[in-house]
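Encoded as structure tokens, here's the structure I'll be asking about.
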Amino acid sequence: MSRLKVLIANRGEIAVRVMRACRELGLGTVAVYSEADRTALHVRTADEAYLIGAGPASESYLRIDRLIDVAVRSGASLVHPGYGFLAENEDFAQACLDAGLIFVGPPPDAITRMGNKTAARHVAIAAGVPVVPGTEEPFPEELPDDALVAEAARIGYPLLVKAVAGGGGKGMRLVQSPQDLLPAIRTARSEAGSAFGERAVYLERRLARARHIEIQLLGDHYGTVVPFVERECSIQRRHQKVVEESPSLALTVETRRAMAACAAAVARTVGYTNAGTIEFLLDEKGKFYFLEMNTRLQVEHPVTEIVTGIDLVHWQLRIAMGERLTIDPERALAPVAHAIECRIYAEDPDQGFMPSPGLVRALNVPGGPGVRDDRGVAAGFTIPLFYDSLIAKLIVWSDTRPDAIARLSRVLDEYRVIGVRTTLPFFRWLVAQPEFAAGQFDTTYLDSMLAARKGQAFVDVTDGDADDAAMVAGLAAWFRAHQASAGAPTAPSAGHWQRAARLEALR
Amino acid sequence: MKFDVEVAGRERSITVERIGETGRFRIVLNGQAREVEASPIDLGLSMVFVADGRSLDAAATPGSGGDWLVQLPHLDVSVVVDGRRHVLGRQGVAGGPGQQRVTAPMPGRVLRVLVKPGDQVAHRQGLVVVEAMKMENELTAPKAGIVTEVAISQGISVEAGRLLVVIE
Amino acid sequence: MSRLKVLIANRGEIAVRVMRACRELGLGTVAVYSEADRTALHVRTADEAYLIGAGPASESYLRIDRLIDVAVRSGASLVHPGYGFLAENEDFAQACLDAGLIFVGPPPDAITRMGNKTAARHVAIAAGVPVVPGTEEPFPEELPDDALVAEAARIGYPLLVKAVAGGGGKGMRLVQSPQDLLPAIRTARSEAGSAFGERAVYLERRLARARHIEIQLLGDHYGTVVPFVERECSIQRRHQKVVEESPSLALTVETRRAMAACAAAVARTVGYTNAGTIEFLLDEKGKFYFLEMNTRLQVEHPVTEIVTGIDLVHWQLRIAMGERLTIDPERALAPVAHAIECRIYAEDPDQGFMPSPGLVRALNVPGGPGVRDDRGVAAGFTIPLFYDSLIAKLIVWSDTRPDAIARLSRVLDEYRVIGVRTTLPFFRWLVAQPEFAAGQFDTTYLDSMLAARKGQAFVDVTDGDADDAAMVAGLAAWFRAHQASAGAPTAPSAGHWQRAARLEALR
Amino acid sequence: MKFDVEVAGRERSITVERIGETGRFRIVLNGQAREVEASPIDLGLSMVFVADGRSLDAAATPGSGGDWLVQLPHLDVSVVVDGRRHVLGRQGVAGGPGQQRVTAPMPGRVLRVLVKPGDQVAHRQGLVVVEAMKMENELTAPKAGIVTEVAISQGISVEAGRLLVVIE
């Protein structure tokens, strides 16, 4: 009997993550890749890999026809969508089912109902869960401007323009006052169209000092839904999560249980199966509101895995293959540690977090106790322009939140990425902020802090640093010069520099 | 060997001399002499200062034109050795006094051009939207002025350092 | 107020491990290094580093005078000995105290009593703990041969010759029959003299089908001793631990509690403080015997940290600084996962595990869920001849032992060390053995399996493998040739090969 | 390009030709042609077989004398390309028929020499004890015979590949 294969319809760290789970369960792994990803880690990690098109996602990772074709050709039985790309696309889920493949995710109609942000709000209301005040229906593009302005006035400012098909902060804009409304809607529509192929948006009240708290859940095909201890994702830059942790400092055990019950109720209302997450906003008074549902695995799933000891991706695959969910619900709600995740991007924090793609020459990834390395990039890979620039997720944990922060600080100092700029200097700054240590933040915290810095660099080059850097460069130049003269008694690895210099010259 | 280096806008000269056979060096910087143990490793250096034992683990990646990206444990900094920094750096603040050349800080695609020659722009007003990695990045005016040149058009791909807009 | 500094009187992975704990507790780190370790990871990781002598350990890491001198010069307040070298040397512990330094370990007299294997047996007997039958006193070197033979006959064959100052399988020899006794004693004395500077040996009965089970413990300065859930270390090659796990399949909860109580009793009898481990042999009937005590942190401590969530090195430092041990004893005895550690050595398993020192060109260290990387070697380091050739400890864990083994298999496939031969192929073989999966092994298992293989390679090169290797080499040669002709449109990283080839030529 | 390769004692010839511009190759081995996508990465190669999608991530480190250490995911193997394997390999089984040259498999120090020229030795009898990394490693006779040469003496340091003993 040949073993079952899983097609992973994704790239980067999440594709590698899913393949690891497949290996551990004895399942074969089939990768797909674009022309920009020939040497990507997910290709190297897979048993099989198939080229599906050019670099732009619309020509490769978003091509449902090609993905289904590869699944059929390779003899895959299951398709795991990861997150992003087609993970919340009901047509893709349906196309998998139509081709006789098992889609590792919820049924297509659950994606449709929960993926559409306004429809999802209706579901939450039907399940008896409070929602953030906002428009109940999306805006058609032809709606006249004055109707938009009137609706916004009804909800009240500040408010958020959000893509109906949104996620990850894309197609989302904060509007403080009426004059900014129409440009914000235009930008959001444009970004949403480019990111999701769907330009519809809606409006939602911006709650003051709200924290982003979410409940992971799993559901099987026999009616069992298990909600998990919360994750807090309030550290956001421009609506994108930057740091996630579990548990949250802001929740009492009672609120946790209430929120978990609400999340499970929403999931049951739509016959949800597999992994999903219900996002809530928690206001200053400890009251929470349904925000939206993500009908897929999330970037930040590792923090939940660490604090509960439960492997969510294993369960995704096992549920998809028809297994019953046998997790003890009490275990899922009782964290045994405190975990924090940082998303390390190829972005230059000192240039407004501009993407910094390019060749990753080397990586020093920290190890030791309480560290998990979920990485999608290896040395020698050129990070392409076409996709999200996530290099790795760095997850640390310890007994308590202060211990986890001390560990995070240690680990960030060990981490080094050579070749491209990364957000590491930003995280080293963040971890030293008193508000972060105290857990005193809401979803606006980071943007306010960044705005107040007015572009100030995250690290100051002191005179001592400048001296150090000068000495390092001087020695490096010395070694390079002596490496060049043949037979000089230098250490062998100085040759790296010659190579690097020659490579630069070839560019 | 003697090098002229420039780091963080400060020029200095540095002398590096090997002592004996075993990886010990004498470095003179700012007129101050130090002894260090130094060995190259991979794309970096392991350095230990003999006087106080301070250990410094640094990466040094050569760029084009004599500059090195030096990565100390807590910060990254460019150092120019015996040469000039490239005119087209990471950030478009090149150009003569009064003239600001706005360049692309990363490779990407020009999604929208928000100004045309002759436009009056305010400080921090949007000039060009460049898409990279699916995010839209709006490049803004580094100062108020008049747009004298728009060097790109919508839809084209740009490399890092490519001139986008000139403001006077 | 300047922060406290810790001198780490060791090298390799354990020095890095201890430094990480120091960082997390806000303590400064001072490394020492030999001329062979100028570029070692422990030097690069430390805040300060001091050269203490030539490559041979007797001229550097075993030089008490130089270590104390560095501690005083650097202003260190604490000295952590790691394991090996001077970790169980009472003179070193005493020298630290005499110099006003805090030795992170037990008091010198506890080292003396428990470090001497025959004295330790007396302590165990006094504490009411059963011991393995053997000689009660060490043999003076001048003891006539016939006295040795007579004593061995009294104990019975098979028996073990063991160094009184032993550890790590060094200075230990199995003797099956009388004619092998005297040569075994000679070799053991010689090895013990070279490894520990102490040639005394004693004899101990070799229990049939015994498993090696050990109890980690911590003791503070206020009389609290906390024993931990057991580790099983029965997978040994020539008396050296190769794989360690926690918990053991072979123990009932009642035996665990009984063994833990015995371990604590032994520790209390000698006024033990800080971290230590009591080793037991467990026979086929479930009866256990005191074997010896290690008065230091052990190589395999991470498996205990993982299954209990308690950081042993943090506690070593905190106890040394006078803190009270506040660990819940029930938590220390209740494993929440199953953890397995493999010791990855620079040895060639297909050449009788001969050391394979040399330049480590690159490392692919596996990541993802349930993996801990405790490594002492980074790319670019030349593993010296002078020391133990441990590259890294690879620790995996999951909910259950079968899941942990599935993960280990996945992780071993991801792991790659380029430049030197390693024991990775051996572990890939071991993890596939049915006895290993079933947990059916004792301390003789591995040696018997290896003997039965008669040097057969751990991997067979099939025709398919040979084809693959030929194609890889052919393509590599193609890329090198095209890299050599300037301007050829190959990917930049092919240059590595040119560099590598040039470096070879320089050797 | 055409190469003669030797792997695991088997000789074969291999042809490698690039197809187009995008990292696709045609490889002919044992008369069988295959198309692969291949790109160099770091010290290795990422290869994908076009016909069945099989992905192969391998390291290839050049040694001296035309041999490569190829590391496939589950095994390491030496491949000689257009050349001869070095006479002094890892294991001392070089020498003419009837003659066995025992060489040091690793660098170390000769702790004890257990035989002298003229000694009759049995199969697997100990010849030399070499200490490396604090472990004593006894090198044994690969076959029964007579010691014709002892090329080292106690206490000296030896490199890997150094001749220790010859047995006939």
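We just call them A, B, C and D in the order they show up, numbering each chain from 1.
As a working rule, contacts are C-beta pairs under 8 Å (C-beta built on N, C-alpha and C of every residue); 3 or more make two chains touch, one makes a residue touch a chain.
Remember, it's a predicted structure, so these values are computed and weren't measured experimentally.
Q: For the chain pairs C-D and B-C, which is connected through the larger number of C-beta pairs in contact?
A: C-D
Q: Approximately how many whole Å separate the CA-defined centres of chain B and chain C?
A: Each chain reduced to its C-alpha mean, chain B and chain C end up 45 Å apart.
Q: Taking each chain's centre as the mean position of its Cα atoms, how many Å separate chain B from chain D?
A: About 46 Å, centre to centre.
Q: Could you put a whole-Å number on the gap between the CA centroids of chain C and chain D?
A: 29
Q: How big is the gap, in whole Å, between where the Cα atoms of chain A centre and where those of chain C centre?
A: Once rounded, the distance between the two centres reads 38 Å.
Q: Can you list every residue of chain C that touches 2 or more other chains, as numbers and ranges?
A: Each of 39, 45, 362, 378-380, 413, 491, 493, 496, 507 in chain C touches at least two other chains.
Q: Going by the contact rule already set, what residues in chain D reach two or more other chains?
A: Where chain D meets two or more other chains at a single residue, that happens at 23, 39, 41-42.
Q: Strictly by the criterion at the top, what is the full list of touching chain pairs?
A: Contacting pairs: A-B, A-C, A-D, B-C, C-D.
Q: Hey, which residues of chain B end up touching chain C in the complex?
A: Those residues of chain B that touch chain C are 22-23, 37, 39, 41-42, 46, 48, 52-55, 57.
Q: Can you tell me which positions in chain B touch chain A when the two form their complex?
A: 1, 3, 5, 7-8, 10, 12, 14, 16, 18, 21, 23, 25, 27, 29-30, 34, 36, 38-45, 47, 56, 58-64, 68, 70-77, 79, 81-82, 90-91, 105-108, 131-137
Q: Can you list the chain A residues touching chain D in their complex?
A: 30-31, 35, 38-39, 43-51, 70, 73-74, 378-381
Q: Using the touch definition from the top, list the residues of chain A that touch chain C in their complex.
A: 16-17, 20, 23-26, 39, 45, 302, 305, 309-311, 313, 336-337, 359, 362, 364-365, 367-375, 378-380, 398-399, 403, 406-407, 409-410, 413-414, 487, 491-493, 495-496, 498-499, 502-503, 506-507
Q: Show me the residue ranges of chain C that touch chain D in the complex, using the header's touch definition.
A: 57, 170, 187, 190-191, 194-195, 348, 351-352, 354-357, 361-362, 385-389, 413, 416, 418-419, 421, 425, 428, 459, 461, 465-481, 489-491, 493-494, 496-497, 500-501, 504-505, 507
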